Each structure stands twice: as C-alpha cells, then as structure tokens.
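Below you'll find the structure, written out as structure tokens, and then a few comments.
Order as written gives the chain letters A, B, C, D, E, F, G and H; numbering starts at 1 within each chain.
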Amino acid sequence: MKKIQVNSVDTTCQADSLLDLLIELGYADDVVATAVNGDFVAQGNRVNTHIKEGDRIEVLAPMQGG
Amino acid sequence: MRDFYGVQLETPFMLGTAQYPSPAILAKAFTHSKASVATVSLRREASSDKAGQDFWRLIQDLNVHVLPNTAGCHTVKEAVTTAHMAREVFGTPWIKLEVIGEEDTLQPDVFGLVEAAKILTEEGFQVFPYTTEDLVVADKLVNAGCRVLMPWGAPIGSGMGLNNVFGLRALRAHFPEIPLVVDAGLGLPSQAAQAMELGMDAILLNTAVSKAGDPAMMADAFASAIRAGQLAAKADPMVPRDMASPSTPVLGKAFLD
Amino acid sequence: MRDFYGVQLETPFMLGTAQYPSPAILAKAFTHSKASVATVSLRREASSDKAGQDFWRLIQDLNVHVLPNTAGCHTVKEAVTTAHMAREVFGTPWIKLEVIGEEDTLQPDVFGLVEAAKILTEEGFQVFPYTTEDLVVADKLVNAGCRVLMPWGAPIGSGMGLNNVFGLRALRAHFPEIPLVVDAGLGLPSQAAQAMELGMDAILLNTAVSKAGDPAMMADAFASAIRAGQLAAKADPMVPRDMASPSTPVLGKAFLD
Amino acid sequence: MKKIQVNSVDTTCQADSLLDLLIELGYADDVVATAVNGDFVAQGNRVNTHIKEGDRIEVLAPMQGG
Amino acid sequence: MRDFYGVQLETPFMLGTAQYPSPAILAKAFTHSKASVATVSLRREASSDKAGQDFWRLIQDLNVHVLPNTAGCHTVKEAVTTAHMAREVFGTPWIKLEVIGEEDTLQPDVFGLVEAAKILTEEGFQVFPYTTEDLVVADKLVNAGCRVLMPWGAPIGSGMGLNNVFGLRALRAHFPEIPLVVDAGLGLPSQAAQAMELGMDAILLNTAVSKAGDPAMMADAFASAIRAGQLAAKADPMVPRDMASPSTPVLGKAFLD
Amino acid sequence: MRDFYGVQLETPFMLGTAQYPSPAILAKAFTHSKASVATVSLRREASSDKAGQDFWRLIQDLNVHVLPNTAGCHTVKEAVTTAHMAREVFGTPWIKLEVIGEEDTLQPDVFGLVEAAKILTEEGFQVFPYTTEDLVVADKLVNAGCRVLMPWGAPIGSGMGLNNVFGLRALRAHFPEIPLVVDAGLGLPSQAAQAMELGMDAILLNTAVSKAGDPAMMADAFASAIRAGQLAAKADPMVPRDMASPSTPVLGKAFLD
Amino acid sequence: MKKIQVNSVDTTCQADSLLDLLIELGYADDVVATAVNGDFVAQGNRVNTHIKEGDRIEVLAPMQGG
Amino acid sequence: MKKIQVNSVDTTCQADSLLDLLIELGYADDVVATAVNGDFVAQGNRVNTHIKEGDRIEVLAPMQGG
C-alpha cells in the first residue's frame, strides 16, 4: 500500500497507474481531469503514469463558475 | 460584429453559472437570458459526490458555448495547469484566464496574466483574459496572442457598474479590431446597456442575475438591455447638447437696470 | 402596473412624432418601438395645405393611444384653449400639458402649469403635466387633480439623460401611487433603462429617436432598454457592495516594518 | 366684405357664421379646431358663431409633436 | 465681485449657528471660518430661560453680518410675520426667506416663496430666498424684487453635495448679474469649491461644519475650499481634453493583420 | 502626516515647472503655491545655449525640494540611465519614475515601471513611481522598495480630474502606511480637494497651473484647495444622508383614495 | 384675571397692555419680538396694544439657525 | 579627428577623454550629466573615459519638467 494525497487528503492505494487509481477510487465513469504533483496528466497518459509513494494527485470535475 | 476566435455569437451575452438558488433556476435563467456563452469551472470532487457530473449534463443541455475559467488561480503555474484540465474536461480551446492578484477585489494580477496568456496561446488555447482597463497591459495581451480582451467594469460581485468609463472608452478607441467584453462588476441592466453603447462587443456577468430576487426575470432584463445598447451603438445616437447657456437675452436682466 | 387614467398601457413607451426625416420613417420607428402612445400637436394650416390631414390619417393607422400636447404655450389661457381644440380634433380627454417658462431650456413654468391643470381637470380633461422633479409642485398638481406626473430628465432635445437622479428618486418615493413618466432629455437607451430601474412607470421621448442616424433601430433600442429597466425593477436587483476596503490583512504592510 | 384675421393673416370674407367662413376658406372637409378672438369655438357652435369685422380667427390642424 | 444689497462681503462664506456642541465651539468655528455672515433664527423663550439673550450677545461678538431666517415657516403669513419679528430683534432688513413645502427634504414651496418675497420686498426687506435651481421660479423671484438668489445644492442637512450641476450652471448663465449663493446640502469642502468654480458668489452651510468631528477645523477647511473655488473661477482654468481617442496609430493593430 | 522617505513636507503640494509663459511667471506661481516640491527634468543642451543653467539657478532660488523625473522614457534602460544622470545633476536620491507605455495618454507601462523601480531602489534611489490605481501593481512596487506611490488621476495634461474614484479609495484602504500622491490629470482645485478628502497625502500637478489664464492665482487656488481637503480628512466629516425616502406620510396619498 | 395663551401655553394675566404683560411675565430686559393673534406687534406699539381675554401672544427670542 | 555623435548630432573631436571633450565642446562650466553609448558616466569618471571613433555621447542639462 502506497501513501498518497488525493485532492489534499491523505490516503493509501494499491494502484500502479493513475488510470487504475481512478478506478480504485471510484471515478471510473466520471468526467474528470487529473494532475500529478501539480502537472496536468491527459486522459491518454493516465495508463502509463506510474503512482509513487507520496504523490499528490488532483482529480477535478466540472463545477459552477462565473 | 467582431468574432470571438472565429465564432460569431448569436447574442453578445455571456452568463455565469455560479450561485443560483437551484439548478432549475439556473436553467431557467439561461433560457430567459438567451445567453450564447456559459462560464464554468473545475473543482475537486470526491468520487462519491457526483454533483459535478450532474452539473456538466445540465450545461450540455443548455446548448450554449462553454467558456471554462481559471477562477481562484493565483499563480501562472496554477492557471496553466487548470487551463489544460479544463480543455480536456470541457472539450474546448476557449479559456477565461483569471490570475487573481488581490483577495478582496479579486482583481487581475496583470503580470501573471500576460505570462500565462503567452504560454497558453503557444499551447493552442484561445485565451479570454480577465484584465483591467489598462491600455498597456491590453497591448501586451494582444502581443501575447489574445484576440479577445475582457476588462472589468468593477470588482467581481460588487455590482457597482462601470468604475472607469474613460478607461473603457480609451480601450475601445485604441483596439478597434479586438472584441472587448466587459466582465464583472455590473449590477443593473442600465450599466450593461451603457457598456454596449460605449462600443463593447459583449457583456459577461453572473452575480447580478444569480443573486437577484428573480434570476430568470433579471436575466431577461439584462438580455434586453444588452440588445438595446448594441442597437444604439449601431443606430448612430443624437449628439447631446448642453443647454445651460442662454441663446436669448438672459432672464431678469431687465429688472436690474 | 399603475394605470394612466384607467388605461393599462401595453408598453411603458410614449413616443413623439416630431422631426422625423419622413412620414414613412416615422411609421417605421413606431412599429419598431412598440410604443403604446403617440404625442401629437396642433398647428395653423392654410386650407390649401392638407399636410395636417395626411398626418392625422397616418397617426390613426398607428393604432396607438394619442396624447396631444400644448407645446409652445406660454400662458394658462393659451394652454387651456389649445387643450380644448386638441380634445375636439383628436377626440381624447388626454392632454400633455406644457406651459413653457423659459425659451432655451423649454422648462415648465410650474405656476402656470398648476393653474392650467386645475382648470383643465375641472373641465373634464385627464392631464399629463410636463413638470420638474419638484416635490412640492408635484403635490400641487396632484391636488389639482392630476393622476399622472411627467417630470423631465433634462431639457427637451438636450439628450443629457437624468440631470437630477436624487430628485427623481425622491419623487418616486413620495408619490408611490401616482404613475410617473420621465419626459424629455434622454439621449441614450441606457438612460431610459436607468429611469425605469428607479421605478418610473413610463418614458416619453422624441428627439433621441427621430434624430438618430437610424430612427427605427433606435426606437427598437429604446423599447428594449425600457423593457429591461421595467423588468429589473420587478426582479429585485442585488445590493451593490463597496469593495474598496480590505477584509484581509492589507497589502504591502509587511514590507514596512 | 368684412376685414378679419385668419391665423394672423389679414383677409376679407363674406361669411356670416364661422361655419360658413370655414367653407368659404376651403376647410369644409378638414379636421380642424377653431377659436375666435382667443376663445375656443366647438364644432357644434360654429354655425351660430357670428363673424364680425376685425375678428381674429384661429384654424388649427393636427401636426407632429413631442 | 457681485454685492449683496449693496454690501461687499469680506469673504463669500455664510455660516449657520445651529447644532454646535457648545457656544464656545460655535465661536471657535466662526473664527476659523472667517465667515462674513452668520444665519440666526427666532424661537419661543420662557422668560426664565435667558439662552436666547446669551446667544444674541455671542453673535454680536462675532462681528459678522447677521442673516435671520424664517426656518420652519410653512405659510406665507408665518414667514412674513416671522420676518418682521426678526427685523426688529436683529436690526437688519436682511431676511433668509424659507417657506418649507415638504417635511423630509425641507425643500422650498416655490409658490409661497415668491408670494412672500413680493410682500417682504414691498415692506422694505432685502430678501435672500432659499429656492431651488428652477430658472422660471428664479425669474419670478427677481421680478418680485429679490437681488440675491439662494439655490439649494441638496436637501438641508443631507451633505450630498450638488444634486443638479446642470441646473446650477443654467442658473448662473441666465442670471449673470444676480448674486447666487448655494445654500444647503453640502457635506465636503470639495463640493463648495466646485460650486464656486461654477461661478457661484457665496456658499451658505451649517451642518457640514457643526456636525463634523472637529467643527473649527472643518470651518477652516470650507473657508479654504471656498476661497480656492473663487480664485479658480477668476484664474481662467485650462480646458479639459478627452484623451480617450488615439492620435497615433492604434496599439495592437499591427498584430491583427 | 506620512513622510516621504523620511522627509516631512511643509505642504502636500508638488508643482511641475513645465509650460509656463515665462520663468518670472513660473517663479511667481511657486511663491503663490507654497509648494514644497518642484519637479524637474533633463534635456540635451547645446553648449552655446545656457537655458538649462539659468533654469537650474531659478529652481535653486525657489528653495523647495527637487524631484527629478524620467519623463519621456519608454524603456527600463532609458529610465535607469536618466535617473542616474538626474541624481548627479540635481544632487538628490529622489526620482519621479516614469516609464511611458502609451503615447496618447502617456500612461505608465507598469511592467517596465516595476522592473526599473527594483533596479533603482537597489542602486540607492528613493523612487516616486508614477503608476495607475492598480492594487496589484502597487503591491509589486512596494515589494520593489517604493515607499511612496503616485497614482494618476487622469491622463497627463487632460484636466479630467479623478477618472476612477473607487480605485483611489481602494488604494488608500489597502496601503494605509504608504504615502500616496495623486499625480497628473487634475484640472480644477475642487478635484484636488476631493483627492485629499479621500485620504491622499499630496497632489502633484503642472498643466492646470501653468496653462491657466493666471498661473499664480491658480497656484494659490490649488494650494488653498489641497489644504482644505487635507483639513477635511482630519476633521471627521459628517456622514451624508440620503433623504429621498419620506419619513412622514407620503404626499398626495390622501388624494388617491 | 384674563385667560390668555403665551407661546401656546395657557396662562392668566392682569396686564392691560402688551408692554405690561411682558413686564408681568419677566421679559422686561430681554431682546424679544412679539405677535398677538398671529400679527406682529412692533416694540413701539406694545404700550397701546390692549390684551383681551383669549388673546394668543407670541414672544420670540434670538436662537441658533442655519 | 574622430567622428562621434553628441546628442545625436554628427561631429568630430580631438579630445581623448570625455572630460576633455566637454571642455572642447564648451560645457566646461556647465552643470551637465553625461552618458556614453547609453551608459551613464559619472562626473568623476569622465577623465578616464576614453572617447573612441563612433561613440554616441549624451550631454544633458536641467530643464522644466512636470
């Protein structure tokens, strides 16, 4: 189990790739965008984006805005 | 009518999606506004909470252009990353670029704004920069590749109207080919009409509609006022005449001799 | 919506018929304005010249309420006689009562106005007095029997907008049950919207439309702005917030220690 | 022939009544309003309104107004 | 400089004597104001209470012109009787004529005002009428014999400044030979300076000084501002230039080809 | 009173030395202005022409603080070099830093301004930056070491007054410890008084005095107005009251039942 | 004793003239102006101004004013 | 003789140092500031500032300013 942060919340995961992580966290069917350690990770790169101990993951969804 | 990165808008009204009493009222307000653009944003979402997904479906049903913003970003890096995430989620190269420099007035940090605008333009974005009325900043934004400018009327959410009419007039006069959108600070339709009469190309607002007692009716009011100002600018208004000075012999004079 | 001597107007727009480039353009402007009232006047006509007859047929075809004025009258006697002649010719008890006191600004002589209003009311007229924003004069007009007040925005034909916003706000606040029409002085639709946002019941104008480069388009613009202001007043606008003072620790402070 | 003024223009007429005068002047079919010496004369009273030497007659027709 | 019924004032500042924290502060404020006129009033006094007597001695020590008012009078009869009583007590033909028509704004009843002005002028008074900016009323006051006009800036005690700049400019332009005093409604020295820059001959105020945190200092401030405006009007100010439109090739243009 | 790099100014008036009809009138204007600071500049001089030498002697005789500017500089390099030359010639570390970004409005290039301010501060200058009312730019200037800010009122030489009162109020509120000088754009003393009432620490102007019909009298007028505004800000002005809404039963109501 | 009103206050007096009344009421040395039943009475006329039952007397003194 | 520019005017000079140049040009007694090729040269450095063919010299004096 790796210690990581998702949206600034400490958590642990087993997933190797960002893609697996999203599935593990239950975002599988959601329209979301992702960043790892402050860098954008495009949808297509999630599969080959390796998740390491201590990674800071951002998962963002659409919201209201002005 | 000037176009927005090649897009001719059906109406010069861009409406925000924040702070409505309910999604239903948001949808109703958009219908009444006949807005052609909706601004949206991104937020962290717990996987359990699907609010974002519902919101996105609602926006898609509005059948308007979507303009994602980078609200809340205080650094170039944040803004650029957010822009990339927004482009993927919302599937548009349009980005309302906000780089906030001051917490109270939420006014732009024009330094970060120009830097971020340059980066994003090079990365293929079509940038709608939220800026001030500063002519020199505007010139740098245009040099950075911006083909739309969005000067503020007043601080976001203030409803004060146009704090610097001279500045907006100067911006219009110096950038005849650039579409200008007054973004933020309007509270009343008459202010939106005034901005359009000054030759602005569109109005972007949110609070004045979402926080009105009747958002749908207020959306209708702004739509009507924006249309009025746009027509007036085209219809060649009369020139005002100052009638303070008399042409005829002055009153009372006789009685003084 | 307040009524005008028992008449509910379809729209709160009263449009003048003077100074149009042609009768055709006048008619087109009225169509675009959706105005519900047309102001008209009387003049000496040589029997050979049938212009007045043609004009009257054109007005009748507009299918709007007709509001004759006593323009150019400087005395109570003239105004009263003109009112009687207008009532017979135009077949309406409505009269826009003008008693001019000053040639340049064409501003009302409020003394003659009140006196003429009393006489005409007693003779069965329904008086629309062209007056100033003076509260005391307004009270005397109401006591004289007027159930509509028409305060000026600015001198006739000046296009200056609302010269005394405070005065109009006070008038609205003090006469909550009396229909108020801002008559004269407007030049731009945003000014008409502003007047309606202040709670006025209707707008009467002429020059801003007839002297615009495109009168029909400008008529449309004013119609749209007036509607906008009316809706806004109903929709309960947000309260403006002055954001000049910081809530967060002030900028730059740290660097001064 | 009586000397009168019509709309401030000196003229002469034979008509006895205001009604006859309007016909004599060619206003028969027009929508006009009338005043004699500054007093309004309603349509119905034209027939019995006698025209005297020196009367000042006003004949007004509809016109544009603001 | 225009004179006030033959009197050349040392300074164009008329200061009220009401609502000061104490007689000492009142006296100090007058010293700092260098005002040349003090407005006073009359009230019922129980024989036991000698406040009025003390006040009158204090005013006499100020060594300024005394201008009694008819404050609080709502009818011509009241105003005329009060004027007579004031003339006897204060030993001056000067009277600041107030005929109040509305309780909230304390605005003049211009009908009663003109009538009372005529009566008082015939009875040998030198009338300073507290009026509105209405040109036609002003003409009637001049015809009634007034050789000074005192238009309001805003309602008494409101501190709003000049609510109708156009009206004041028109009044100045139409009555070039009549001394004009802006009376009531000013809250800040800049507003007094503005009024003098418009060509007014003097300023009358009270609340802005007596209700300031430091009345003496504020009196000094107004004295300085009034002097500034008076000098500016004489010194022939530069003509403002609107620099919104560019003279040089417009910015950004190159980048649009 | 806030100090300017440790200097307490005798008066909060800084006066420019350009565009006077003659050196004698310039000197007279300074005497009447009681200004404590004179702005000066540098220019190319042919060795034969000793005008610059005469001018410098005249300024030294004024016995005021000298504030050299970098007028006309469009790049950081030009401004920095000019500042060094000015420091040597005028013998002061003070520099009014102008980096012009736009030819018509002569408005600051805030990017070049901040960069030049940082360099000059590090080289021991005491920088008086001519800037806009932008809060974020102001913060960067303070971070760059500026301990005075000089926001514009309006474009140099326009005489328009304060184009963005909100912006100036916000600047005052956010930088309570930084001396603020409104520099450029004023045309009338009332505008200078208003700026001081907003809490500004000093006023810098030139054209309004040098281009007035009587520069000396206008200098006196501005001195008086600036003093007035400064006193008013200290004297704790009354709070304005909006009297538009009635407290008593509304007029006319009775007549409507 | 006559019933009169002084500054809207009911009172009684013995004075015949307005002058005597002022003395009786203690205004003797004061700078005041007077009116009887709404009409101004000049200082010089006080002596021959008779006070009748029911008269309304106004006695006004200097005060602060704006 | 070297070709140089002084205040953008082409000229020639014999002076070796900036100090000599100012004397040669008649600025000896004037309060002026100097720059060579866009760089400020302080008064004290004029003596050891060599003037080369093609140098651009700026000589600035006090002037009116706003």
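One rule holds for everything that comes next: a residue touches a chain if its C-beta (ideal position, glycine included) is under 8 Å from a C-beta of that chain, and two chains touch if they have at least 3 such contacts.
Note that the structure is predicted; figures quoted are calculated from it, not measured.
Novice: In terms of touching chains, how many steps apart are chain B and chain C, taking the shortest path?
Specialist: Graph distance in the chain contact network comes out at 1.
Novice: Which chains sit in contact with both members of the pair chain B and chain E?
Specialist: Both-contact set = C, F.
Novice: From the centre of chain C, which other chain's Cα mean sits the farthest off?
Specialist: H
Novice: Round to the nearest whole Å and give the separation of the Cα centres of chain E and chain H.
Specialist: 63
Novice: Quick one: chain D and chain E, Cα centre-to-centre, how many Å?
Specialist: Taking the average C-alpha coordinate of chain D and of chain E, the gap between them is 54 Å.
Novice: Would you mind pulling out the distance in Å between where the CA atoms of chain B average out and where those of chain F do?
Specialist: About 32 Å, centre to centre.
Novice: At least two partner chains per residue is the criterion; list those residues in chain G.
Specialist: Where chain G is concerned, no single residue meets two or more other chains.
Novice: Which chain C residues sit where two or more other chains touch them?
Specialist: Residues 102, 104-105, 135, 139, 160, 166, 170, 174, 207, 242-243, 245-246, 251.
Novice: If we use the touch criterion from the header, which chain pairs count as touching?
Specialist: Listed in label order, the chain pairs in contact are A-B, B-C, B-E, B-F, C-D, C-E, C-F, E-F, E-G, F-H.
Novice: Please give the residue numbers of chain B that touch chain E in the complex, ascending.
Specialist: Residues of chain B touching chain E: 135, 138-139, 142-143, 147, 166, 169-170, 172-178, 242-246, 250-253, 255-256.
Novice: Would you pull the chain C residues touching chain B in the complex into a rising list?
Specialist: 102-105, 155, 157-161, 187-191, 193-194, 197, 207-208, 211-215, 217-218, 220-225, 227-229, 231-232, 234-243, 245-248, 251
Novice: Which of the residues in chain C come into contact with chain E in the complex?
Specialist: Interface residues on the chain C side: 101-102, 104-105, 107-111, 114, 132, 134-137, 139-140, 154, 160, 163-167, 170, 174.
Novice: Under the touch definition given earlier, write down the residues of chain A that touch chain B in their complex.
Specialist: Residue positions touching the partner: 7-8, 25-27, 30-35, 38-40, 42-43, 58-66.
Novice: Considering the complex alone, what residue numbers of chain B touch chain A?
Specialist: Touching chain A from chain B are residues 16-20, 26, 39-48, 50-53, 55-56, 59, 68-69, 71, 77, 81-82, 84-86, 88-90, 156, 184, 206-207.
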